[in-house]
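Paired with chain B in one complex and with chain C in the other, chain A is shared by the two complexes that follow.
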Partner chain A sequence: MSYIIEIEDLQKHYDNSGERFHALRDIDMKVRRGECVILKGISGSGKTTLLGIMAGLDHPSSGKVVVDGEAIAKLPDRHLSRFRGKHIGMIFQHYNLIENFSVRENVMVPLVPMNLDFEEVERRVRESMEVANISHKASMSAGRLSGGEKQRTAIARALASDPEIILCDEPTANLDRANSERFVEILSKLHDMGKSIVIATHDPIFDHLPFEARVVHMEDGRVVEEGRES
Partner chain B sequence: MNPILLDTQVQIYLLSEAILYLLMIPAFLISLKIIPKWDFGSFSQEQYALEREAYLVMTILIFAFVMKFLLLPYFVFAIDNLNTLVPGAMCAAGVISANSYGMPLLFVKLFLVFALILWMAVNHYDLEAKNYPWFKIKMWIFIAIFIVASVELWLDFSYFLDIDPTRPVSCCSALFGQLEGANPLPFGLDIEKLLILFYLSWSLIVFAHYTGQTLAKLLATLLFVYISYYAVVYFFGTYVYELPTHKCPFCMMQKEYHYAGYLIWATLFGGSFGTMAASICKIFLKVDTGKMESLSFAMLNLFTLTVSLYPLVYRLQNGVWL
Partner chain C sequence: MGNRTFAYFLALSLFGEKGRHISTVLLSILIVFLLSSVLFISSSLHSVIENALREEPDLVVQRVEAGRLVNLPLKWEEEILSIRGVSKVTPRIWGRYFTGVKGKSFLVIAVDFLDENSHKTLEKLIGETELKTFLDGRHMIVGYAVMEWMKSHFYKEYYNFIGRDGEIKKMKISKVLPKEDNALFADTIIMGIESAREIFGISEDEATDLILDIPNDAERDFIADKISSLHYDIRTISKKESRAAYDRMFNFKGGFFLSLFCVVLLAFVLILYQRYSQVYSREKRQIGIFRALGWSMGDVLKLKFLETLSVVTGSYIIGVSIAYIYVYILGAPLLKNIFMGNGNLDMELILPPVLDFSALSSIFLLYALPFIAAVLIPVWRISVSDPKEAML
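Then we have the complex of A and B:
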């Protein structure tokens, strides 16, 4: 069995004025290639922290985190940035778009350090926008988009570098029901494309996905239950 | 109070050196803690904490070292400007010889520049790899640098505090002139043989560079930097000053010579130390030092071209050699 993410004995704590807050404790988790994992739990259960560590945006206090064969928490900055750019697409709760840039320019941003030729950049941007269903807004500035459109731009941006792993942090938290359902449709497309997906959410819309997904319940920084839903 | 210490440039220089040293103290103490415990293969809490501290140390050191590079020309600039306060001095040459601390301080500074370039190179190749393979080596180099920097700071303060503005010093023509017929050149060379050796050692560097002979290049560069110092002071410098009796390594850094000395010495020492550091990394770390070698080689060529142009241009303009 080929795992794209392997986590062993992961701990994460924060020290503040002599007090220690444990954000993650004793996490052991594996994600298979092409698998979709839903991290569920209430606010403060550690989902976002875990996702951040998987993305290499945060470092563990101890434990092993291997993503696509690389112990990412150990990589020097320049390697980590390169690795993240190539292997991981991240969709944030608040989208993190550059408001003054157009949709097309936002999608293009992660491709800039990759030194691709212009035709390749154009092709990737066009294809990503098509998958995310945002091509019709390509030249509109991100600041003028609706919440759902911003979310789809963020999806297109995450897909532009053609990563194997897509990490989503509360992707539907700011969306209405209709836009959340559209997000799930796009997610289904990404799953069909063979992407490995990890979603941190507490939205019940992910309880009934149109494809197979594994649900991991978290509480107080621990994995308390695992199940399979589809 | 010693009027030397009231000079603004001296104050800025000493304060900057002291601040950089204070910055290096925590880096030194953390390094001493990190070295014995470092185990990159471990995923323990202690190792992650050490990696975060190492990141802090690297950040401090890169800042401190870049600032120290910039402080060397500023030091020369500052002591050059002191020639108005020290009787007899016409340039930095007289000021640097105002007491017994000056020349050792200059040599310590040059050694530190080499050590900093070497550390920067090892750090670069260490970060290029994914598992910090030369982390301990660069930490040991830093510890050596810190010890030398401690000596440097002591010499800095000792030197400036000990300059007596009432005691006359010798000017550069007395310090570097051929007094009483004594030959100041090494190995009993005369100017012709010195120049032959200069261009021969440069040719050897070019040959070793293009044939990839690292050890030969290292040795040729050591010879080149030594010979170049004398060649600049006793031959090329006279064309910078357009005066056959003016032999000084410092005056050429003054405004009336368009600060040419900064370019000449920076390309010589930058190119030589860069070549030496690259060669050491290539021999001992077995890394591809291509970019660093090319940059250093370009600096050495720029140096050779710059100093060679002075007599050629003089000859073309005046029809005679000095």
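Then we have the complex of A and C:
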């Protein structure tokens, strides 16, 4: 069995004025290639922290995190950044778009440090926007988009570097029902493309996905239950 | 990084967010413009002084009685000429002629036009002089501001000086010194020594000072000491002291410059602060996004460095160009008044173009380095923190 993400005995704590706060405790988790994992739990359960560590945006206090065969916690900044840019696509709760850049320019951001020809950059941007169904807004500045359009721009941006892994943090938290359903449709497309997907959410819309997904329940920084839904 | 992609992104950062850079660029242009203008004016004036000093006598001898300048006897001429190393001694009359109009005066410099040395010096100042014109003792050469002032008082071709005996001495304007010499000679009148004797009532065996030629530079101080010891009331002024006097003449404006510089410095500090806080607030999120999407610290620093360097260099080139046009083409309106504060006649200050590249480079470095540091330090501090934090 080939795993794209392997986490062993992961601990994450913050020390504040002599007090220790445990954000994640004893996490062991494996994600197979092409698998979709839904991290569920209430706010503060540790979902986003776990996602951040998988993305290399945050560092574990102890434990092992191997992503696509690379122990990312030990990588120096430059290599970790390159690794993240190439292997991981992030979709954030608040989209994190650069408001005064156009959709096309936002999608281009992860490709800038990748040393690609400009023609190749343009091709990837065009294809990602098509998958995310946002090509028709390519020239519009991100600040003028609706919530759904912002989300689709964020998806296009996450796909631009053609990563194996897509990590989504509360992707539908700021979307209405129709846009959330559209997001699930795109997610299904990504799953069909063979992407490994991890979603941190508490939105019930992910309870009934049109494809097979594994649900991991979290509470107080621990994995309390694992199941399978489809 | 793909060069074209990076260049496109750099252009996007610069021009896609005009609002972010516009106030910085405008203030930067203003700072560079002010600093460069002051630099251009002072460089130009220094070159004028340098040129003037080239024409200055090697040593001037005067007589001081009870602390007051008085006329000196021409018999000193022989005594001084007998000192080894002095090749020539020429009497001169030098002094201010006050018009009836309050506060207005001309600086009269009177020399013997027949004297070969004086003639040569004049030629350097005003070009070819018609010697014959001055032999009748009724002609003078006037500075540009003198001509303008006389014209405005209906003396278009001549001026009536009132002599010591109350008699009117009519002097025709035969030449006007070029505007380019206004910085030092705007209020100057050059005439024959005999005419000046008549106006000031100075007898034939006296002059206000003697000008000396001492060909060997190294001997000048030594000869000055020797001359000083001839009489207790003798005073000597060397080229070095003349330079110091000219420097004082322009350095009294140092206070104005200091005030101007303080304003500029304050504006600069404000820009730096604005840029620093802007990076911390607005750009913090952007840097966080870049980092989260695979940009290394080096990538972010490279973008921000080139972005700032472009802003700084662009503002610098525009600021220096505007200053050049303002000072050398438009004649530094308003700012030049600072330099003309002690001029008793209204005049147009003509500043010959001088480019001091070392000073221009210093301005660039003094302005660019703190500016780039004010951007790169916060960028670096944000970049080293978790990208996640930068996006919050």
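Just so it is clear, the second predicted complex is superposed on the first by the 230 of 230 C-alpha atoms of A that agree within 3 Å, B and C clash if a C-alpha of one lies under 4 Å from a C-alpha of the other, contacts with A are read in each partner's own complex, and residues count from 1 in each chain.
Convention: contacts are C-beta pairs under 8 Å (C-beta built on N, C-alpha and C of every residue); 3 or more make two chains touch, one makes a residue touch a chain.
Since the model is a prediction, treat every value here as computed from it, not as a measurement.
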Worksheet item: Mind checking chain B and chain C on superposed chain A, clash or fit?
Response: fit
Practice prompt. Determine, under the contact definition given at the top, whether A:52 touches first (chain B), second (chain C), both, or neither.
Written response: second
Discussion item. With both complexes superposed on chain A, which partner does A:62 reach: first (chain B), second (chain C), both or neither?
Written reply: first
Worksheet item: Mind checking the angle chain B, chain A, chain C on Cα centres after superposing, to the nearest 10 degrees?
Response: 40
Worksheet item: More chain A residues touched by chain B or by chain C?
Response: C
Worksheet item: Just chain B (first), just chain C (second), both, or neither: which does A:104 touch?
Response: neither
Practice prompt. Could you look at A:11 and tell me whether it touches chain B, chain C, both or neither (first, second, both, neither)?
Written response: first
Item to complete: Would you sort A:86 into first (chain B), second (chain C), both or neither based on which partner it touches?
Response: second
Worksheet item: In the superposed arrangement, does A:74 touch chain B (first), chain C (second), both or neither?
Response: first
Practice prompt. Using the superposition on chain A described above, determine whether A:195 touches chain B (first), chain C (second), both, or neither.
Written response: neither
Worksheet item: Touching A:116 in the superposition: chain B (first), chain C (second), both, neither?
Response: second
Worksheet entry | Minimum Cα separation, chain C to chain B, after superposition on A (Å) | 9
Worksheet item: Where on chain A do chain B and chain C both make contact?
Response: 59, 77-78
Worksheet item: Which part of chain B faces chain A closely enough to touch in the complex?
Response: 40, 43-45, 48, 51-52, 127-128, 130-132
Discussion item. For the complex, give me every residue of chain A touching chain B.
Written reply: 8-9, 11, 59-64, 70-71, 73-79
Item to complete: Write out the stretch or stretches of chain A touching chain C in their complex.
Response: 52, 55, 57-59, 77-78, 81-82, 84-86, 90, 92, 96-98, 100-101, 105, 108-118, 121, 157, 161
Worksheet entry | Residues of chain C defined as touching chain A within the complex | 1-2, 4-6, 8-9, 12, 16-17, 285-286, 288-299, 386-388, 391
